[in-house]
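There are structures below to look over.
Across the two complexes that follow, chain A remains constant while its partner is chain B and subsequently chain C.
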Partner chain A sequence: MADGVRVVDRPRTGIGVSTRRPDGGPKVRGEFAYSSDLHADRMLWGRTLRSPHAHARILSIDIGPALTIPGVSAVLTADDVPGRPTYGLTVPDQPVLARDIVRYEGEPVAIVAADHPDTARRAIASIVVEYEVLEAITDPQRALQSPAIHPDGNLIRTVPIRRGDVDAVGSVVVEGTYEMGIQDQAFLGPESGMAVPDGAGGVDLYVATQGLHQDHAQVAPCLGLAPEQVRLHLAGTGGAFGAREDLSMHVHACMLALHVNRPVKMSYLRDESFVGHVRRHPAHMWFRHHATPEGRLVKVEAQILLDGGAYASTSAYTAANSARFACGPYRVPNAVIDATCVRTNNAPSGAMRGFGVVQVCYAHESQMDKLAAAVGLDPVEIRLRNVLARGDELVTGQTVDVPAPVRECLEAAASVPMPPPASDVDDYGLPGGAGRTADRARIRRGVGYAVGFKNLAYAEGYDDDTRARCRLDGGVATITCAAAELGQGFVTVAEQITRTVLGVDQVVLAPASTATIGSAGSSASSRQTYMSGAAIAMACRQVAEGARRAVAHRHAVAVEALEIDEGRIVSRDLSIDIPIGRASEEPLEAEVNHHHRETFPMDPVTGQGDTDVSWVFAANRAVVDVDLDLGLVRVVQMATGQDVGKALNPLSVVGQIEGAVSQGLGLAVMEEVVTTDGIVRNPSFTDYLIPTTADMPPVEITLIEEPEDGAPFGAKGVGETACLSSTPAVVAAIRAATGLELSRVPVRPEDIALADVRREG
Partner chain B sequence: MTGAVTYRLQINGADHAVESSWLGESLLYVLRERLGLVGSKNACEEGECGSCSVLVDGRLVCSCLELAAAAEGTEIITVEGLSPDGTLSDVQEALVAEGGVQCGFCTPGFVVAVHDLLDGNASPSPLETKEALAGNLCRCTGYGRIEAAVERVVELRRG
Partner chain C sequence: MAADPRPQVLAGGTDFMVEVNYDHRRPTAVMSLRRVDELRGWRRHGDRLTVGAGLRYVDMLESEFEVSAPALAQAARTVGSPQIRNTGTIGGNVATASPAGDTLPVLYALDAEVTVSSTRGDRVVPIQELIVGPKRTTLAPDELIVSISIPVSKGPQEFLKIGVRNAMVIAVASVALVVDGDNRHIGCALGSVGPTIIRCSEAEAMAEAEIDWDRLHLPDPRVYETFGAMCAAASSPIDDHRSTSRYRRHGVYVLATRALMRAFEPGA
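Up next is the complex of A and B:
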């Protein structure tokens, strides 16, 4: 087990043990087939021509020159889209290929298929598109006053919350404006896949995605095909973090493959990836917190503006998350909150780990530190005075009826021993690292705290149900479920659950596909273990029931005389004791369709409603060293207390937390897609920095296990929460070290080193 | 394809003929698309992520930045060459056991880079490990379990 990880209560069955990933061997050997590794005979390469403008009218497209290039088999434009011209995860407002207008830099305009990626590149370069450049609306603060850039208008959604006495005032008031830049998911496996025509007018698409069925529901209409003519199969997926919620090359590859009647592979290059998927919504946020002199929250006011970019994607729900979680995991009796998402000519925003909550967590935690200073409490104490507990009401009026160990998370993070002082660190460990530019006398240490929480699964009345099938035959259990494995370890947990319930050693996970089973919903919102894990457990339990009946029949005893006990069918007197795997001559099979508890919409005026399924909580403490002259930050240590319900695979949970913390740290100090008038300036890993080994400190993790009733073995989803609170914790630590306000993330070196110059103008 | 060339590459001890290859093809492209050695990954194709790491004459390089035709006459080791008989090398085993693999897209690059690190320095300090691996990006793990895997190999090799 990893250092610094304390786990209580580890049973000996498959659940709760850090078993190895079933795909670990193939992955370390380089044999695991990712979507970009696919190959087929006679395969062609697809490539996309994208708009160089953030907003322009297309006057003409001349594909003639591309068609004359030897090796080019097809050049397609909007005129060639066989079915519905638009798609979208929530509203079909995004063109498959732009026809008259391009609304963001990178919007697809034409696609080609060629015999070699370089031929395809040259073909794309030879297409002549005449544009009339239009004024780009790229400032979200101007979007609602600007002419509509889309027939659906520039307002995507406003979500109000009015709670309690909206006129209440506290004797202590703190106010702040906060801003967050654009964060990219920066998964490593490029958007990619291969479309293979079936010879009968249909197509099979092998693709890296978070949700096969939600993709399928968009792809088939755009192709003008019946649902059964289009089959999506999960190809090896190299990370996702929200960026594979929406379509990328899906329809394009299928269009090309159907057009040329040959397999077509598409794989985005990194610069293309930066505009090829939705990114985290950048945000402008104003908050005013009211409290008593003792630091107890009286009211929270918040105005949140999210930039949705050119198309809707999941923005409407992101805005709702920003509103519902704007207060953080605190008791807040009164609230006035409005979260608005607008359309602009920036690239579309959408899902990213922490979905709408990362933004507000940075703001509300910055506010809590301001409040602590105003009332003279330390940052831990102000939080402990206000933390939610089970039984409290949220600002939506919903009661938190699941374990809510916010206090425990924070106390765990706060009690981790502090790292050695900067004076004990060798040069490489100082801000600036290997460059060794830091002057030790100008290094300041700071410590910061933050807590955060987020909902599990989908909300607002959406029924994101799931299905799983279990077939037990000859002692081998085969699980069929369309849940997408992205790297998070769902496959490991699926096997552990199956082994635990059925007591079998051999578990086979059938490939995820739309052709073999209905939807499992998306691998998003920390929901797959919670939802599909539960469905697998139920399907396995039904199979175990079948085994019990089979044994009862064979031994001519009443079914009630037998019990299912740790993978065995056992009679009370122990005269019958048969492993489930050998209980039946005939194969046993069960399929389960699992729904989470019903949720309800937010009231359109007050935002009140029982909107959520469950919640997960986390706390972080960050320790940083800051070089005051160079503005460089070294995060020295992160401590995380994380509510997990029950850790089904502690090693996997630790991996999720460490990964989430690294993304939160990245957002705090380095990650930002920089744009000028909607044009992305840094679409590469040279200029968009993500944390490396040199940036990542040790993460000291405490798992807080309070099983949730009804969840599979009590487990909550753990994918997202640690990235909420790590960003504000790091920023708070930098504030503590520098005394600066730091109202924008990422905090750039110039925000620290040149703060005086900037203040003085 | 204009500018097509034919040459031979020595990869993992075996001789491979590369026929009618465009001269501009990177070593990564030829490995993946012409020779079916897709273990080396293509996360950026511009020398920034290390997912395509291979050893050329014992030197750790990003194969996306090497011209394939220029690698003729060198000895190339890819991730596929580090566990030829289908078993796992100690580094591979440690990465799985310590939880250093999530999506795994960075993993082949780390496998090659960690072998290279530990072959040159049998017991790197934690900071030396960080410095040596800072050219390999991983978006999933936050590196903690990867570093734990390196420590495990160091201890095992120490015996």
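Up next is the complex of A and C:
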């Protein structure tokens, strides 16, 4: 029977199997408690007064009217911040509450706690702030020539790369400028959490976040509390995509809770959320590609300008990513690249899926298509002639020493059968969809290709280590790890890894908290499976080793006489065969602190250095139908070839890829935060459009499994890469259908329909 | 409703509740019409349809209704998401009076008449007199929209709507075209390209004169684009975060041209 269980059990719940998410059913049924559902007895509601101006001097704040409103318990301003007045992920340059100056629309100025959300809202509306409006610097191209809008200056970072012969010239040269608008992460669960005072001067904060410990490191100093007086616990998190890297309501809720000595909950409304988190950096980019007549790349020149918005957040590292990945997954012997991120009076930019690479991927892939046309090759062939492979060097000089199946990804995407022609599609499947605008005679189909790659885990010498603890007691394995589950499926993979190593059925994931274990690092940069998954596997293996020693001791045999075999402790002669779950009377426990390999900074002049831990690659082919007169686009099919190392949960991997494709498609044709002089014009899901099921085509996915040595079961992180190449693939397909240049995303209907008019204008 | 304070009327709530959520309205009393079954139905008598104000978008998609009012059904199909269509009503669309209200261009093109009721009695108002501006109507605070009367379809009807995604989107521009073959009349109205719905009377008259009404053909194919251009000229769009005035006007031109092409084949 034991053997039978082993055979059946493994495929059902271990790695490589598409097990169901433990939180899937409750989420679908509406029973999952998100951070916005938190509640406690005597709880008050917090709310934030925000600047209506992109740039203004605060002359006075009168909180008096708010204090007179019945039900209002506290009204706090910058004067009430108990500790460090500023915070930030990389440099503490952002005020908890603005004191003298507001630098973007939506910057927090005051906070209130009241007995009801409406009371809090009315209290906010009653606060009188006198502003002197200042000129807003909102054009990043003017930022460096403008007066400093922050004591740290308007330059956040310039990242140069000089590689090989900087004077090299190719016989074929193509040039282009490209622009990307502001993309929002558009998570559904708003910024929210609840702070609960502990009665001894400390506070517990239950919050939706990507990284509990990185939040903790910022929250405690701002509260003026010792680290152990502040504990952060992960609350149900409804998506993140980078937008929960930075603090939002964290310090505010804690300040209010400590002030009134009652639990305080804050939950942003949707319009507030659009200015309540960092967004993807909008970009202006110039590229010049040099190649041989055969289409082999000789040199890439690039000037990349990112708008960092009012505060630094992670902009310095985003700029570095834009520089390092500016050439795409190609062999490029010579390069002259400068990526610059500047400060403006737009809302802060920061992390978003693809982190600085989405921008340049759109540009370098547009360039590769230009190059293909210039040398007379098709888009697939130009890429195949230049793709990176394992053993090649990047423009940083670092050797790609992990599987790099770029060719395989592209060939997989290119070989997917084409979808049926538009003539086979019903009216609702044409561009314009439910609006039934299409005239079949005016539909053109186009096909486009793109490849992309990105680093896995943090770079440039940053040691984003992680910790996991495994405790095996009574056949139940309990995993403690502070990794944030955002919806990506870490909880599923963590259970699968534990079951696989220990052979147990029952796995409990302890709540993620700063109170129970050290940092797991952020759920960012495609790193949690790769990093914390590895730590869990190691902790489980140490527990298995403890089980082996316990069995050896009990049976009075040498430890070496026993083997750990698929969740069992087995002697060579098979006289001992005990499941690990029953190996020890005493609980077994192990905690692992796992570091990825050491990385190094970029040389400040040449950008050279072994900066990265690993890389992930993907390719997309997009097929679109375009209404030539109205400029409406229907993406008919996406084909994705995705480097995964090893798919630990294929269904989760497919979900990540489909989601990434959706976000990339959205950026290609609809997603943009529209601003005028720094003021957001469309802060709602009525007007910030993301793809619906009617916009999402079938995604035909091929997983390329080339396990990476040292990664957990060979798995790479797959959260980001399909989002890089899907945007340029869609734009390339629209170009193929229309013959237009399309040097800006998102491509708006008028960019197609009124292209001639716009050129004249 | 004549009470003091007067309750605010809740039909589907798809606009109303958003305003409440954002504290743009603070109703002290709300009167829900959801269980007033008398407002829910529709009936045909002779060549007219009486549509209850509480008829939901999803109800308009039923085939029997669609046969009698195809453009209204098509407009209903483009409204929001299934959840919105399951609760939103035609009366609410009229009362909200947004220039982007999806059923409104159809109602204008059909010369719909709205029956409004209060304790003082009923009155029947042409839709273009009820709606006087963006989100502004001549409804008195104690008046309730009871029903809407439209003619039964007597020829081709089209509703086309441009949005930046393929479903669940506010109109950037829309065109309704209804043809009355018996009376040799065309009605055409535009959505989202002016402060209210815009009726294209000059374009209608031009096309009516060009159509071969016995065959429902259009002998001169140049008329399609002329019609589109006249509709575009009648529009009065603005630049906003959803689109530009230039694209909206162009969109009206394309949609109106296509609508007329669908309604009338070329040739003598």
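By definition in this document, the second predicted complex is superposed on the first by the 748 of 761 C-alpha atoms of A that agree within 3 Å, B and C clash if a C-alpha of one lies under 4 Å from a C-alpha of the other, contacts with A are read in each partner's own complex, and residues count from 1 in each chain.
The rule is short, and it goes like this: a residue touches a chain if its C-beta (ideal position, glycine included) is under 8 Å from a C-beta of that chain, and two chains touch if they have at least 3 such contacts.
Bear in mind the structure is a predicted one, so any value in this text is a computation, not a measurement.
With both structures placed on the common chain, the touch criterion links A:T727 to neither chain B nor chain C. Once chain A of one complex is fitted onto chain A of the other, the partner contacts of A:G239 are limited to chain B, with no touch recorded for chain C. Within the superposed three-chain model, A:H39 lies in touch with chain B and out of touch with chain C [touch as defined at top].
By the touch criterion defined above, A:T686 lies against chain B and chain C together after alignment on the C-alpha atoms of chain A. Which of chain B and chain C touches more residues of chain A: that partner is B. In the superposition on chain A, contact of A:L651 is made with chain B only, not with chain C. Of the two partner chains placed by superposition, A:S322 touches none, neither chain B nor chain C.
Of the two partner chains placed around the shared chain by superposition, chain B and chain C are both touched by A:D118.
Of the two partner chains, chain B is the only one that A:P698 touches; chain C does not reach it.
Once the two complexes are overlaid on the shared chain, A:L269 sits against chain B and chain C alike.
Across the two superposed structures, the residue set of chain A contacted by chain B and also by chain C is 118, 269, 433-434, 686, 691-694. Against chain A, the residues of chain B that register as touching in their complex are 1, 22, 24-25, 29, 32-33, 36-46, 48-49, 51, 78-80, 83, 86, 88, 92-93, 95-99, 101-108, 111, 127, 129-131, 133-148.
By the touch criterion stated above, chain A contacts chain C in their complex at residues 118, 121-122, 269, 271, 431-437, 439, 629-632, 634, 669-670, 674, 681-682, 686-687, 689, 691-695, 748-750, 753-754, 757.
Those residues of chain A whose C-beta lies close enough to touch chain B in the complex are 2-3, 18, 20-21, 23-25, 27-34, 36-37, 39, 71, 115-119, 185-190, 236-239, 241, 267, 269-270, 426, 428-429, 433-434, 486-489, 651-652, 654-655, 657-663, 684-686, 690-694, 696, 698-699. Residue ranges of chain C in contact with chain A, taken from their complex: 21-23, 26, 74, 77-78, 81, 159-172, 174, 240-244, 246-247, 250-251, 254-255, 258, 261.
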